[in-house]
Amino acid sequence: MNVKLKPEKYLRYLYLPNLFGTNRTKEILHVNPTVIPFREEAKEVAAFLYDYDALSVSEKKLAAIEEAFAFRDTNRISWVNIDGLRKKDVESICNYYGIHSLIIEDILSVDQRPKMDEVEGVLFCLLNMLYFNAKKKTVETEQISILLGKDFVITFQEDASRDAFDPIRSKLKIAKSQVRQRTADYMLYSMLDLIVDNYFLVMESLGEQIEALEEEVVRRSNTKSLARINQLRKELIVLKRNIAPVRDLVGNIIRSESELLDDRTTKYFKDVYDHIIQAFDLSENYRDIMMSMQDLYVSNVNLRLNEVMKVMTIVTCLLAPATVVGGIFGMNFDVIPYAHHEWGFYFAVSIMLIVPLIMLYIFKKRGWF
Amino acid sequence: MNVKLKPEKYLRYLYLPNLFGTNRTKEILHVNPTVIPFREEAKEVAAFLYDYDALSVSEKKLAAIEEAFAFRDTNRISWVNIDGLRKKDVESICNYYGIHSLIIEDILSVDQRPKMDEVEGVLFCLLNMLYFNAKKKTVETEQISILLGKDFVITFQEDASRDAFDPIRSKLKIAKSQVRQRTADYMLYSMLDLIVDNYFLVMESLGEQIEALEEEVVRRSNTKSLARINQLRKELIVLKRNIAPVRDLVGNIIRSESELLDDRTTKYFKDVYDHIIQAFDLSENYRDIMMSMQDLYVSNVNLRLNEVMKVMTIVTCLLAPATVVGGIFGMNFDVIPYAHHEWGFYFAVSIMLIVPLIMLYIFKKRGWF
Amino acid sequence: MNVKLKPEKYLRYLYLPNLFGTNRTKEILHVNPTVIPFREEAKEVAAFLYDYDALSVSEKKLAAIEEAFAFRDTNRISWVNIDGLRKKDVESICNYYGIHSLIIEDILSVDQRPKMDEVEGVLFCLLNMLYFNAKKKTVETEQISILLGKDFVITFQEDASRDAFDPIRSKLKIAKSQVRQRTADYMLYSMLDLIVDNYFLVMESLGEQIEALEEEVVRRSNTKSLARINQLRKELIVLKRNIAPVRDLVGNIIRSESELLDDRTTKYFKDVYDHIIQAFDLSENYRDIMMSMQDLYVSNVNLRLNEVMKVMTIVTCLLAPATVVGGIFGMNFDVIPYAHHEWGFYFAVSIMLIVPLIMLYIFKKRGWF
Amino acid sequence: MNVKLKPEKYLRYLYLPNLFGTNRTKEILHVNPTVIPFREEAKEVAAFLYDYDALSVSEKKLAAIEEAFAFRDTNRISWVNIDGLRKKDVESICNYYGIHSLIIEDILSVDQRPKMDEVEGVLFCLLNMLYFNAKKKTVETEQISILLGKDFVITFQEDASRDAFDPIRSKLKIAKSQVRQRTADYMLYSMLDLIVDNYFLVMESLGEQIEALEEEVVRRSNTKSLARINQLRKELIVLKRNIAPVRDLVGNIIRSESELLDDRTTKYFKDVYDHIIQAFDLSENYRDIMMSMQDLYVSNVNLRLNEVMKVMTIVTCLLAPATVVGGIFGMNFDVIPYAHHEWGFYFAVSIMLIVPLIMLYIFKKRGWF
Amino acid sequence: MNVKLKPEKYLRYLYLPNLFGTNRTKEILHVNPTVIPFREEAKEVAAFLYDYDALSVSEKKLAAIEEAFAFRDTNRISWVNIDGLRKKDVESICNYYGIHSLIIEDILSVDQRPKMDEVEGVLFCLLNMLYFNAKKKTVETEQISILLGKDFVITFQEDASRDAFDPIRSKLKIAKSQVRQRTADYMLYSMLDLIVDNYFLVMESLGEQIEALEEEVVRRSNTKSLARINQLRKELIVLKRNIAPVRDLVGNIIRSESELLDDRTTKYFKDVYDHIIQAFDLSENYRDIMMSMQDLYVSNVNLRLNEVMKVMTIVTCLLAPATVVGGIFGMNFDVIPYAHHEWGFYFAVSIMLIVPLIMLYIFKKRGWF
């Protein structure tokens, strides 16, 4: 018995659910339980206010949300950015700015589908910032709510530790930057552009994963590859689920006839639309490549196995005639031809060698190797 | 002969149809035999009337349907809720409120597709409440008919033992609740919202089933897993069959220009629409994950089998040369080399051991394990 | 040699084409050879005339088609129903009522796609009545042509032996029935409603077939099941081919602005439309279930085979070491250990038993059974 | 060694590319190299002119294209039909009738997609006549260009040896035929009707091929069947590629508001539209049946192989215990039980027989045959 | 042991990733990282200016982009063609001609999706020229940007070494050519026509690859074929990704109501539209054929393997009875029938031959070869 017991084989089965990321399925399948809302209150909240026009900009870190209220009636554009969601804060500022209660509910909800809405003179966008977690190799989402009103923009982010809008802050400080020269809707454009551009970074990372995986599938094709294929398919579902509705969202903004949207800004939104369309197309290409990779995996595993089985079966088959010859001359008959001949044994062994060689020649000729 | 007869193996085949839920197929495939309507009369009927406005609400348990008629011409909004369907009751109240006979037929029909209709100043919605039966692990439906007229809402439910609209009853008792402050169409919204939100609860339960199943498929992949995959696929058909037409239903309400629908309520229906779209998207994701799970199942079963077959074939192949050597020295020739040698036997046995070891080395090197 | 020759095995192959219903394929693939029309003249023709209004109804069996002409100009609605198509009859009555020659061609054609047309003040519907032939287990079609004009309805059926419109006849005799109270378009509605409702009966029968088949597939999964799956898939093609265009047909009637259609009847046609949509959805569900059944069949056949192959390979593998041991001690060396020992034989046999038992233990532990 | 070398086996591989019709792929994949037009000049050109109205018709075989020019300004309708395309001829007549140069390019192009265009008062249709080549079993195309102008129709066909429009010629000679009574657009209708009806004839032939193939697949399922399935799938691609754009073509004619199209002719074009829709539906059905046939082929090949493998493996497995028993009593121990017993040999042989019989009984009981 | 160690087998695995073109995947999956633009500055720039009208044309090689500025206000049409992109050049000329900054960004971006835009009186088209690299057997792209303004056309190409617009240059030199007679939009048409026609040349080359591959798959079906199938599928993704958005691009031009587009040119754009539709249809056909080729590959590999396995298993099975007979007469019983008979040995050997022959006869009869 030459087959060793390998403990890692058993362990492999124990680790499999983890490898195949079943708990990731749980996260993906998790649905918005609107009946009983249960968003946890953020532990940390960071709120900033920017009050700007072409001439000047004032930045203020808000200790309490209420400090922002004073800036509402300046002639300048106010941007209130709140990192970390607490029910009390959200309701306080939204009520002050006259936001509809349904929108407040949406801001506080979890796992919402990206959507765009115009209610009572306020344009509301809800979408997800995507991040690629290089360690877990998963796509993570952060819900971003943007409220565009007359001369104000209010943004809510889930996570105080990550700041999605950092590049906009930098631009705000440059007096001659577009965002300073233009109306509040240009701020909305800048945000959407930033978020959509970030999708490409996430896709770039996923693309690298796919490429590395393809090389692995071609080279090795083991259970781990299958697990990785399954994992990546799930991440692509997350990706598509976020990109597809954003396409509609931006499309709706372009078609919108809201007074909040300046005609001059439309071409900027069209540019974002082109990008999101391209992101959508690419995500379809990814899916196609994943499908063809799974086909390749199955082909490769079968090819590998079939080669082994073929050789084994051929070896067994080639040795069978030798066994028969051995059996023939091992029979206990009194009269066995060549039994008493000096070269009898060698003659029999020769047959044992020659017959498989002939068989091998035929097999070769038929192209069975 | 080391193979035991296992009675549970035979039994397994007997239980299979049950395992694969073929009788569930029967229920799913069951069609609406409109030619011969045969809804069974409800054994139990529970009818309630709520007559409310912003100031007050009166609740009345109806012993007979006719008791509701008196409230029709109050200036307040009447909600008549009937749990359990009897032909006589439905016809009596519908005729009194002037409902078209086709709608009466729809209310009394079984296995109807969700639909929305406006006939003669009455807006009619028919859809299904979904429940997840944790014991049978199936999605159950209860047909709900909602009639919205000028200052009245009449609802019909199939099953007197379950009450879908309980949360609305609670809200009705609170004077400052939205439902008390607004017109009858807000009541319709509340009901649709409740029903659609319930879909998420059912999907949550199904999601848990899928996740548990995926872990099982990854770990064990036996016939039971296959049966579960088949069962869940059927439940997803039921889910999709109920969600897809409700999307149209809500969409039609939004587009409707009925006088019964207040403009202020439209944004609420839009909110329901967002939810039903999200439910639909999620049900598509579920389907994708089920498909990839079935692929995984097949891959896993094959992988498992292939591993067994490979080892078996390799063991058989490795032992074949030993058989041949045994055959060679077992031949009855007078002259057999080393036959009379003291170490002859051990020499032969050594060959028997060495040849498979060399083969094993080659196989290993080729990566066949 | 324990393998018996079983004549029924050969016969099976002979019966296969019949089993797989290849002649059914012929019927399905048969196309409308409009170039050379070749409808056979009906052997038997049964023509009836009903002349009715709210007050009275007169029924007349027509010996010759021409007898119907006299009723054209009564103020009452005339319904001429002709069972069995003969070129001469069709042309005679159509010309009298001023029907366009293209419609006459359509009525006389075979295997037409359901269609609806309005030509010169006449509304023309062509669709198929479906019957489920319980013996052949196939869906049979009967082409129905309905002509709706001002105060007249003319219907043509292919087959004099079956009468699709019997329930309408019964209703005509009841003075207070809707069909008597209303205009001719209500008669058209009644007919479409009857035909569409009949689709559900056919689907119910097909559903029973599918359910029975699923149970069979789960239990046995033999060639016969595969043949049945193939057969049923073909019947579903027939079903879908008939239902999908009828959806368009009814939709066109609803959108039509013909003067022949009373506004009051529209909601009835909408009801038919709801039913045909439901029928279409169901036929899609059927197709999904058939697909998942075919997957199940393949899985089951492979599972069954794999189990057999696995056991066989394991048994062969377990017996191989015994053969080797037998070969070892069967070698003709002078010096064989334990050869002269009293318990030598039993010792060897014990090894033959112990080695497979150890192997079996390892296999079990690895979960290979 | 009982395996014969069969030369036809090698030959089969040589013939395979031919069998699978790879050169057919070349033809299908061949694209329109618009950059360098290279239509070969027709060897033979046959041009006819028909000048007709309700009263009379004059037919003229044209020796030179220019002879047709004189008939342009008669008050009668002129139909110029040119079989065989030469650049000089096409340009000559088109320039005389004032046809746009882009249309001339289209007429002279090869492998064009069917299209319809209205340019400067001329309606241009380009589509393919389909023929089924019974010998090669392929669908052949002949490009037909139809130009409809005020009182003239000019048609171009690729192949002078086949005449697609023969039936129209016959009808032209009958004074009371519709084509003589009506305007030039009725001539266009007649041609489209003829071409579309011809599609049904081609589909009928393909249907017969499919049916014959299905019977073959069910009965034999060899490599030839697979090759035929592949071939037929390619022909279906050709078919669909021709039918799908013709649907748009006819649809465009119906929607067209060209002055060349008489309102009275619209219902005739609608009739052609119904036919082309039916042809399209049927081609989809064909595709479905081909897909299910390929599934069937794979199932059947596997079934056949599995049966062989199963029996072989079972026979090998059943004989293994006998080999072991033979090995046991063949060992050279001094003490072998029953070795000296008179019935010892028969006892051992009995075991050899009984053990496989018991195994066979167990296998049977488990339903492994 | 007759199995040779073949070094090329190991090497094959090393070369596999290269064979399957995983680095090609990298290129395809590469996304537009709009956040950090990083187009490399062209090493070489070649700029030409053509200033033409119906009467004369002047050609000028530009040493510096600024030399073109002088020609802006001639009454003639100016075409500035810039091969090789440098940020400074692009911005310089675009700013001079008043092009919007978003368009400048698009021109300088990489891996853009083909798009068309009208901004401030300038029509902007971005699409890719495709080339088939015969050596690497890949589809290569070169980004082309075309700006159409009042009396000027500016084109940007990525690669100075290839000149896509050579044929247009030739036509410009011919005074009576269409491009000289017409407005600037005809120049745009000529460019789009050239680019789209080039797609057909690329598809022609891909078609030849597919055809050669199909022949290879049918004949040999080895790992290399699978790798080629995977490679070609990727090239088809590249092809489709470029063709599909160009369809929208041309469609948008046709629907555009820009003053830059002359009504007389519309029919030319329609012609380009017909070509791009045909290209799209063909790319779908290619995909279908690739899918059916992959099916064929899998079928063929399995067929080949199954044949080998079948023969091997049958040979092993046929030799098993001989082994048993050898074992029977090799047993060491005192009483062995015919043991002492003169023809005993030959009798036993005859059984060894006859039993397999009978088995062979049965197998043949059952059609197992």
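Order as written gives the chain letters A, B, C, D and E; numbering starts at 1 within each chain.
Heads up, the rule we're going with is that a contact is a pair of C-beta atoms (placed from the backbone, for glycine too) under 8 Å apart; a residue touches a chain by one contact, two chains touch by 3 or more.
The structure displayed is predicted, hence computed values, not measured ones.
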Query = Between copies chain C and chain D, are the contact residues mostly the same numbers or mostly different, with half as the line?
reply = different
Remark   = For the C-alpha superposition of chain A onto chain C, the rotation angle in degrees, rounded to the nearest 5, equals 145
Key: Inter-centroid spacing, chain E versus chain D (mean Cα positions, whole Å)   = 26
Request  = Provide the C-alpha centroid distance between chain C and chain E, rounded to the nearest whole angstrom.
outcome  = 42
Message = By the touch rule stated above, which residues of chain A touch at least two different other chains?
response = 3, 309, 311, 313, 315-316, 320, 323, 326-327, 330-332, 336, 359
Residue ranges of chain E in contact with chain D within the complex = 197-198, 200-201, 203-204, 207, 210-211, 214-215, 218-219, 267-268, 270-271, 274-275, 277-279, 281-282, 285-286, 288-289, 292, 295-296, 299, 303, 306, 309-311, 313-318, 320-321, 323-324, 326-328, 330-337, 356-357, 359-360, 363, 368
Request  = Name, in rising order, each residue of chain A that touches chain B in their complex.
outcome  = 2-3, 13, 16-17, 19-20, 22-23, 25-26, 28-35, 100, 102, 106, 112-113, 115, 117, 119, 223, 226, 230, 233-234, 237, 241, 245, 294, 298, 301, 305, 308-309, 311-313, 315-316, 319-320, 322-323, 325-327, 329-332, 336, 338-345, 348-349, 352
